[in-house]
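In the two assemblies presented below, chain A is common to both, partnered first by chain B and then by chain C.
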Partner chain A sequence: MNRALRAAVIAGAITAAGCLAWAAWPPTSQFAPILTSMLVIGLSFIIAGLAAWQRWPSSRLGLLFTIVGYLYLVPYALVNLANPAAFTFGNLSQGFYGAALAQLGLAWPSGRLRSRFECGVVIAEYVSAAVFGLAGMMFWNPTFDGCPASCQNLLLVHSSRPVWDALNTASGLVGLVLTGIVLTLIIRHWRSAQGWSRRAMVPLVWISCAVGAEQILTGGAFNLQLSSLVSFGLAPLVLLTGPALFVASTIRARTARGAVGAAVVDLEPGAPPTRLRDTLARALGDSTLQLAFRLPDGAGYLDTTGQVVDPARPGPGRAVTPVTEASGAVLVHDGGLEQEPQLIRLTAAAASMALEHTRLQAEVLAQLEQVRASRARLVEAGDAERRRLERDLHDGAQQRLVTLSLALGMARDRAAEADPELGSLIESASKEAREALTELRELARGIHPAVLTETGLTGAIQALVERSPVATTITAVPHERYPAAIEATAYFVVSEALANVAKHAKADGAQVMIRKFPGRLLVEVSDDGTGGARSEGGSGLRGLADRVASVGGVLRVDSPPGGGTRLEADIPCP
Partner chain B sequence: MSVTAGPAEPEARLRVVIAEDTVLLREGLRRVLTDAGLDVAGAAADADQLLKLVQALSPDVVLTDIRMPPTQTTEGLQAALEIRRRWPGTAVIVVSQHVETEHLFELLAGDPRGIGYVLKERVADIAQFTAAIHRVAAGESVIDPQVVSRLVARPRRDSPLETLTERELAVLALMAEGRSNQAIAGQLYMSPKTVETHVGNLFAKLGLLPGAQDHRRVLAVLTYLRR
Partner chain C sequence: MQSSAAILIVDDHDGFRAFARSMLEADGFTVTEAATGAEATEAARIVRPGLVLLDIQLPDFDGFEVARRLAGQAGGPVIVLTSTREASDYRGRITSSPAAGFLPKDQLSGAALRRFLGRDPTGEGRT
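Moving on to the complex of A and B:
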């Protein structure tokens, strides 16, 4: 709606309202309540029309509201201008607003009539208003209604009360039929509507029934002898429910916007698409909402219930809104929602955010899983490499040194008798070879404890305890064998913990306890030393925590100053 | 039967079977042991071959490495246990690179008589090594002194071991090595009577059952030291 048109509409409304107010002045006049009622009704339709125009620029609803307002207000304003031509034209055109009202009701909520039949009904309404208006004017003498003589009906052909009354009754009967048809159509609209539109129709049905009843009762079909205050002042106040319809739909859209926002905030991260659809449908108030995804092969769309959806042909009364280009998701919703582009955009954005969140979460989880797996592989590869190194040392250097020692021993025994000096020289070489063997053995054991591979945790932990420089007891250690990575991790925990006890704890004693629980292995090393160890501090504990984490476990260090240290590794274990 | 260390008379030569997967070492051992007056009846490169040789040759003593093909873990140990089960009269010395005691206890768990557990580098001291072979052949147990000394030297808290005198500790260590009272007496320059007194005293201090025979007390002492 452009500015000039809006200014014209507003100026016209002010002028008409001014005329009515002037006619009603002073407020003590007997016409004042009736004219005030007319003023309020007419202006409320015009204001609702302007607001609806603003809100739904592409819809005719705003125009229809405005037209109803004008058709209601202008005739009464003209009648009160004390000008014969205006008086005549005003009275002639008094019935048209009813036709516009019927059009508004039938066009709700899209602003368009749904069928040719409905167009016919609306045309019949306008024609009936024109025909009966003109016919009535030909026989209506203003004095019938107690108008002063100054009121002049320019179209009066023959002043006849009975003819005019008969015309009135006929007009009422035609109005009754037409109103009945319009109400029936509106109820059918409501019953065939779904989702968003169906709920939008509910207030219309109630309001239409009320307005229809008012139109029929004041229309003359039953010839009720109503006072002019009732028929022109009080009964028409029912019409105020018309603009209320606009207010109600505005409030509903706003409420839905808020609800969509709140629902997305409340939606837990990574919720499945079905839950997302349900949440959005509930918040939006459109039970027919579908969330559909493009199939990976691009061959079509499936909604969350597994139903095939064609975005190019969403079905009658349905509309499609893409969520995001990238996600290949679309929302299929009630066509009535297209009236609320902001609401549907917000819904699409919310869906997009939630889907993106879920996608990112899945991606991060997948990446984390990859990183975990690769870390575990790295540690396993490291372990395998250490086992290989240890075996190479054992099969190679150690055997050669043993062989060398043996040869040196033989040489020494032979040389001892002939040349004692040579004998003692060979003896010292033999001693060196033995030292080298001992060192090599310790080196190999440090690289990988063969006893762990050979006997499992029982022997390996016993070996650690035997070589621990601090008095250490084993409280429990399972005899079962576990996967190599788990055994190695448990072993390194105990090994590192006992090394720390020896180096830092100033402890008198330590305890090792390894227990198997369903699904996990709990490794615990405690001492009675000075405490104060921190996993962030020593690189040893840090590295150990990494090592435990590589098999999905957790390392806990409890080391209050002066209270000993308790190291606990909780390792997942089948 | 009492056999002293050193080369024996040809007619009393001990029949020995060796199992060692390194050719060089195997042949070296064969030569050294033959030179030391033992009859090396056969030499195997793996456990299967060893069992076949033992069955075929019925040797007095088997000398086997722990780690052998195909898996290079404890084939030799398993073979030793099987030999003890099938031919209980055959003495077995297991040659190990481990100071750790796990395998030792597996080995001693049955009957410790005629069982030896020595570290591989012992082969360099040919006299001592040959002596060990003679000892197991005589039904004694032979535990490597280095393994025992590690067990004895372990730090302990509130242990009765701390109440032992130096002499008693020395006796204890030699018992753990599988020595008889007589051998201990010879090594420590004591009279057998004194050794007996020390043994009685330290058994009382440690709360061990007195009067255990030599082969039983090896296990009792080792178990005590290990816990």
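Moving on to the complex of A and C:
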């Protein structure tokens, strides 16, 4: 709404109000409340109109509010001027504001009338106000209502009280019928609305009923003998609900904005689209909200309940807002929300943010899974390589050394009979060969413990315990075999733990316990030494924690200084 | 009728087999060779040795499996398991197998084998 127009409206309002106030000054006690009431109602409609025009520039609602305000204020202002023409015209046009109110009620919330029938009803209202106004002026003598003789009705044809009363009654009855039709139409609008629009219509229904009642009661239909104070002063205050409706609608939109923002902040990360849709629908106040996603093969859109959605044809009374171009998601919502573009934009932005968050999280999880799998494969490859090395050593060099050792032994036995010196020479050679074999065996065991492959954890842990310099007891060891990676991990946990006990703990004794629970293998090594072991630092526990993590397990170190050490590996195991 | 002086050597390492054969033949045994578990069961059926020197690491079957098959034959031979590795690498599997015992390869001698046979002159394969 441009500034010039706004200035003109405000200037007009001030003029009309000033006119009215000045013409009725000094206000007698009889007229003061009526005057105040008129000024308040008229000005509040004009102000609401200006605000509505600002808020919905493309809608006619602002204009309608303003027109109602003027149609209320100007006739009464004219009536109180001393000019007979103004007096006549003012009295003639007193009924038009009712028609404008009807149009406002029917056009809510979009500002447009919905059918030709409604257009017809509104036209009928205006026509009825014009016809009865004109006809009444032809028979109304101002003295009927106690106006002083200075008031002149220029349209007076024949001063007749009964005709005028009859016209008033007729006008009241026509008004009753028309008001009834308007109220019925408004209630039908309400009933056919859904989601956001429905809740927006509820206050209008109450207001229209109240305003309709007021119009009927103060119109001539029932010939109630109301004092002018009531019919011109107090009763019309009901009309203030009109501007109040506008205020309520503004507040509702603001509240919804706040709610949408808060809802998205509270939404937990990675929430599924169904939860996102429900949260947004609740915050927005539109239960018909749909969140739809484009199918990967471009075959259309599917919403969170699995319904097919066509963004090009959302259906009657519905509108589509894209969430973001890239994500291929759209919001399908009640058409009434198009009145609140800021709210819809906020909702789309919030949905976009939440979806992006979910997508990123899923991406990160997928990457994490890839990294985990890759790490496990690396460790497995390393273990397989070592097993192969040990096997090659066994099949190759160890076999030859064994045969060599045997041959030297035989040669020594034969030589010793003939030549003792030769015999002892061969004996020393044989000793070297035996020692080479022992060292090679140790080397092979360091590369990969054959006892683990052959006997599983029972034999391997026993072997470790036997070789441990600290007195170690085996509390429990399962006899079953497990996948190679898990057996290797359990073995290395015990091996590393016992090595640490021997090196750092200064302990008297240690215990090894391995127990199988449903879905997991628990490996525990505890000692009664000095404690104080940490996962970081060079104690090798870091590498061990990595190895345990590579099979999806967790390594826990419980080592209070001076209180012994307890190492626990929790390994998932089928 | 089993000949207690007949020995079946089962080992996939040709060098060791050849050497063991010459050593044991020099010590008065009759030696038959087999390189795989399948050959071993076949040879045992034909030759009916008194003792089988059985390498645990065989290409086709696990030595323990071969031992079970050989022991299943009526009046089975004395089975002595052997390996380049030590007994402690096999532990309970040796004691729970039908073999009479374990002899590391580098301690092989005719006398050692006679001790196994002496412990069980009936050839029933159990001490």
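We take it that the second predicted complex is superposed on the first by the 545 of 574 C-alpha atoms of A that agree within 3 Å, B and C clash if a C-alpha of one lies under 4 Å from a C-alpha of the other, contacts with A are read in each partner's own complex, and residues count from 1 in each chain.
Simple rule for what comes next: a contact is a pair of C-beta atoms (placed from the backbone, for glycine too) under 8 Å apart; a residue touches a chain by one contact, two chains touch by 3 or more.
Source: prediction; values computed, not measured.
**Q** Following the superposition defined at the top, how do chain B and chain C come out on chain A, clash or fit?
**A** clash
**Q** Identify the partner contact of A:Ala463: answer first if only chain B is touched, second if only chain C is, both if each is, neither if none is.
**A** So A:Ala463 meets both chain B and chain C here.
**Q** When the two structures are overlaid on chain A, which partner does A:Arg372 contact: first (chain B), second (chain C), both, or neither?
**A** Once the two structures are laid over each other on A, A:Arg372 reaches no partner at all.
**Q** Quick check on the superposed pair: does A:Val451 touch chain B, chain C, both, or neither? Answer first, second, both or neither.
**A** After superposing on A, A:Val451 lies in contact with both chain B and chain C.
**Q** If you stack the two complexes on chain A, which partner ends up touching A:His394: first (chain B), second (chain C), both, or neither?
**A** In the superposition, A:His394 touches chain B and chain C alike.
**Q** Between chain B and chain C, pick out the one touching the greater number of residues of chain A.
**A** Answer, by number of touched residues of chain A: B.
**Q** Touch check for A:Ala407: first (chain B), second (chain C), both, or neither?
**A** In the superposed model, A:Ala407 contacts both chain B and chain C.
**Q** Mind working out whether A:Arg434 is in touch with chain B, chain C, both or neither, as first, second, both or neither?
**A** Both partners, chain B and chain C.
**Q** Now that the structures are stacked on chain A, which of 40-48, 148-156 or 184-192 shows chain B clashing with chain C?
**A** 40-48
**Q** Which residues of chain A are in contact with chain B in one complex and with chain C in the other?
**A** 394-395, 398-403, 405-407, 409-410, 434, 437, 441, 450-451, 454-455, 458-459, 462-463, 466
**Q** For chain C, which residues count as touching chain A in their complex?
**A** Residues in contact with chain A: 13, 15-16, 19-20, 23, 57, 84-86, 88-93, 105-106, 108-109.
**Q** Provide the residue numbers of chain A that touch chain C in the complex, in ascending order.
**A** Of all residues in chain A, those touching chain C are 394-395, 398-403, 405-407, 409-410, 434, 437, 441, 450-451, 454-455, 458-459, 462-463, 466.
**Q** Looking at the complex, which residues from chain A come into contact with chain B?
**A** 391, 394-395, 398-403, 405-410, 413, 430, 433-434, 437-438, 441, 444, 450-451, 453-455, 458-460, 462-463, 466-471, 508-509
**Q** Note which residues of chain B are touching chain A in the complex, please.
**A** Interface residues on chain B, with respect to chain A: 22, 24-25, 28-29, 31-32, 35, 67, 72-74, 97-103, 106, 120-121, 123-127, 150-151, 154-157, 226.
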